[in-house]
Amino acid sequence: MVNIAAVKSNLMIYLTRRERFCSAHRMFREDWSDEENFRVYGKCSNPNWHGHNYILWVTVKGDQSPDNGFVININILKEIILRNVISKLDHKNINLEVDFMKGKVATTENLAIAIWNKLKQPVEKEGATLHCIKIEETENNSIEYYG
Amino acid sequence: MVNIAAVKSNLMIYLTRRERFCSAHRMFREDWSDEENFRVYGKCSNPNWHGHNYILWVTVKGDQSPDNGFVININILKEIILRNVISKLDHKNINLEVDFMKGKVATTENLAIAIWNKLKQPVEKEGATLHCIKIEETENNSIEYYG
Amino acid sequence: MVNIAAVKSNLMIYLTRRERFCSAHRMFREDWSDEENFRVYGKCSNPNWHGHNYILWVTVKGDQSPDNGFVININILKEIILRNVISKLDHKNINLEVDFMKGKVATTENLAIAIWNKLKQPVEKEGATLHCIKIEETENNSIEYYG
Amino acid sequence: MVNIAAVKSNLMIYLTRRERFCSAHRMFREDWSDEENFRVYGKCSNPNWHGHNYILWVTVKGDQSPDNGFVININILKEIILRNVISKLDHKNINLEVDFMKGKVATTENLAIAIWNKLKQPVEKEGATLHCIKIEETENNSIEYYG
Amino acid sequence: MVNIAAVKSNLMIYLTRRERFCSAHRMFREDWSDEENFRVYGKCSNPNWHGHNYILWVTVKGDQSPDNGFVININILKEIILRNVISKLDHKNINLEVDFMKGKVATTENLAIAIWNKLKQPVEKEGATLHCIKIEETENNSIEYYG
Amino acid sequence: MVNIAAVKSNLMIYLTRRERFCSAHRMFREDWSDEENFRVYGKCSNPNWHGHNYILWVTVKGDQSPDNGFVININILKEIILRNVISKLDHKNINLEVDFMKGKVATTENLAIAIWNKLKQPVEKEGATLHCIKIEETENNSIEYYG
């Protein structure tokens, strides 16, 4: 008997890829004074910036390809994430240098939504569906967004 | 262009805070003999207690505040968890000293439900919704409760 | 007042057990040449095999037993996983030695589906419902399957 | 050419085995009042106990066996640790039930020294040398002892 | 028999405390051009900063106090680290805001040496000896310094 | 004042780089029967192979360069490890495909010694000294070798 890639169809599979980026940021609204920003955002509003080792989990879902058994080729997913997200965030200042965060407060909430918007179409082009963006800012704080 | 805290509304965001507590406990029913308790709960029923480094993840969900971009201010969430839960469990005996566990078997299942009940209202008061209580008892065993 | 195991009924609880297995595998279709397999599966198609420390999380859900407060006795769940899954995968070659993977490409996707099928009935026999099979192949790649 | 177990001799190798135990304890001196104990040991002196998921790393060192290439057979080391240490600590009260901790304050420091003393001879009987006992009490606090 | 804090004297014990700080930094020499800095420090020289979740392990060694059994009271050690190091680094820009890093390239090597110099005396004042400063910059890169 | 890379000289710094590789292996001596191999190496001698996600930590030590403040440029160290070690082990069969393991039993002990021998000279060429090779085979078992 020859082996085949996927035994049954119509089975929803969830695949998660982890990537990391190290960035500087500051949480603040430009139309607020430093004092107002500090009152709301605390030490995270430090005008001289601070930074994090962000951990990003991208979960896509879909049916298995009858040809190769994949929901999505993980090397292609990795490449999509690196090109659209990591290359623009890693070792950058999120407030000053990341085009898709311009005009937004650099919260992890806004980051998750912006990354969702960057990845939705490229993932769909590969025949899968974007399911969840999870970002861990510190080992105690994380955000999930499901679109 | 001035930056704003939240770009779109009606986007459900999930925020998770991790906290930890170290407690003693014993799993047993008072109306059972030690032998019966041992048969059901095994070494976890040891009459002289044992303990764990419990890890707690509290997930809340909601829309972003148009003002500050938060689902909930994470420092307020942290304070809610510390005051209502951690301060009552950390370095305590769950069976003997924790009011919200009185009369219940000290399983992680019951702990998760009790913590849910302690956090539901304070989280709602802040405009967010409690989504999940996850407790890891050991690196191999964990419980989730969604209300 | 006597303590009781579970205070309220009809509360859905999710319980997760983590287990591990170390196996060799190769991703390839028998009806493809080594070149075709390499083009699709890359270094994972290496004819001399490679291997992983797989991490498996089995999540079951259900109501608490009014008797002992458990969704499922975790020692019974552990024993079910060891007998049906781990004992057949650990320190084995997934392609050559695992009966429930015969004739399938040894992807993590197919592994998750096969493990689901092995655990569904034994978990139900214990009065709980299988909810999720999650497998981490490397710290960056994981699969979830919900049936 | 036949393969051989160890290529060169007189090479010092360090092998580490990780084991875990979940115990209750209390830090206090019997000849001090509860107030004095609280002043020195803080919440760790809680008279109703608390507990931890302790992680233990046992490091042994030695030359490789020319026969099998091992410093020590890791299954034998595991069995030595389980029989002499884990079986006496896991799901126990360190103050009340652990013979080798009787009469000592249940600090992680004293635990590390006591475990060293329990393991030194059995490890030497197997031809290796005990090098280090490391115990992690919480993810932020750990102790090492080298004899 | 009364329990006593420490059973034997002259036993060297190593105690490690973990703390964390989130900071922005840039690796560069002021007397070099941006191009020269980029050639040596790569993306870590980004003029707009980047940042990390640094993890710090401070190891002290010493004999146990016959009174309380401690090498050092871990709450005092924690307070020493917070006051002298974490409060000056956390949510700060290492290049612009940290007095003990002024005039130095913000490498993890220099950070480890500077933290050693800040902690040596306060630790000795408590009767212990500073043994090692370990800093993890990312999960793949870390530095240790032993004085 | 211009900042300089390293403030003092003759300070020994230890730098550790983590890398990972996923390989198949089998522990056995060719001159022993399968039964003898099983008696000594247990399930690790499975003739159809098994595999691991090995984690490798390479620690080098040395003085800081007065020019750039590095013990060794971590990108150069990474490249040395990838070229000499990871590229030869990752997604390979350690027994059949790794030249520097030919004729040796595929224990983690022998792997650590062999990796030491592959890295010693390239690290010295960069002006640093190889200090330690640590390999984690599973989360419970690891080996260290210091030359």
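Order as written gives the chain letters A, B, C, D, E and F; numbering starts at 1 within each chain.
In this section, a residue touches a chain if its C-beta (ideal position, glycine included) is under 8 Å from a C-beta of that chain, and two chains touch if they have at least 3 such contacts.
In this text the structure is predicted, and so the values were computed from the model without any measurement.
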item	value
Subunit F and subunit B - chains in contact with each	C, D
C-F, A-B or B-D - pair sharing over half of the A-C contact pairs	A-B
Chain whose mean Cα position lies farthest from subunit D	A
Whole-Å gap between the CA centroids of subunit D and subunit F	27
Subunit B and subunit E: spacing of chain centres that average the CA atoms, whole Å	32
Euclidean distance of C-alpha centroids - subunit A vs subunit D, Å	41
For subunit F, residues contacting two or more additional chains	139
Which chain pairs touch, all of them	A-B, A-C, A-E, B-C, B-D, C-F, D-E, D-F, E-F
Subunit D-facing residues of subunit F, complex	29-31, 40-42, 102-105, 107, 109-110, 112-113, 139-146
Subunit F-facing residues of subunit D, complex	1-8, 11-19, 59, 64, 68-71, 73-75
Touching residues on subunit D, where the partner in the complex is subunit B	20, 22-25, 43-44, 46, 48-53, 90-93, 96-97, 138-139
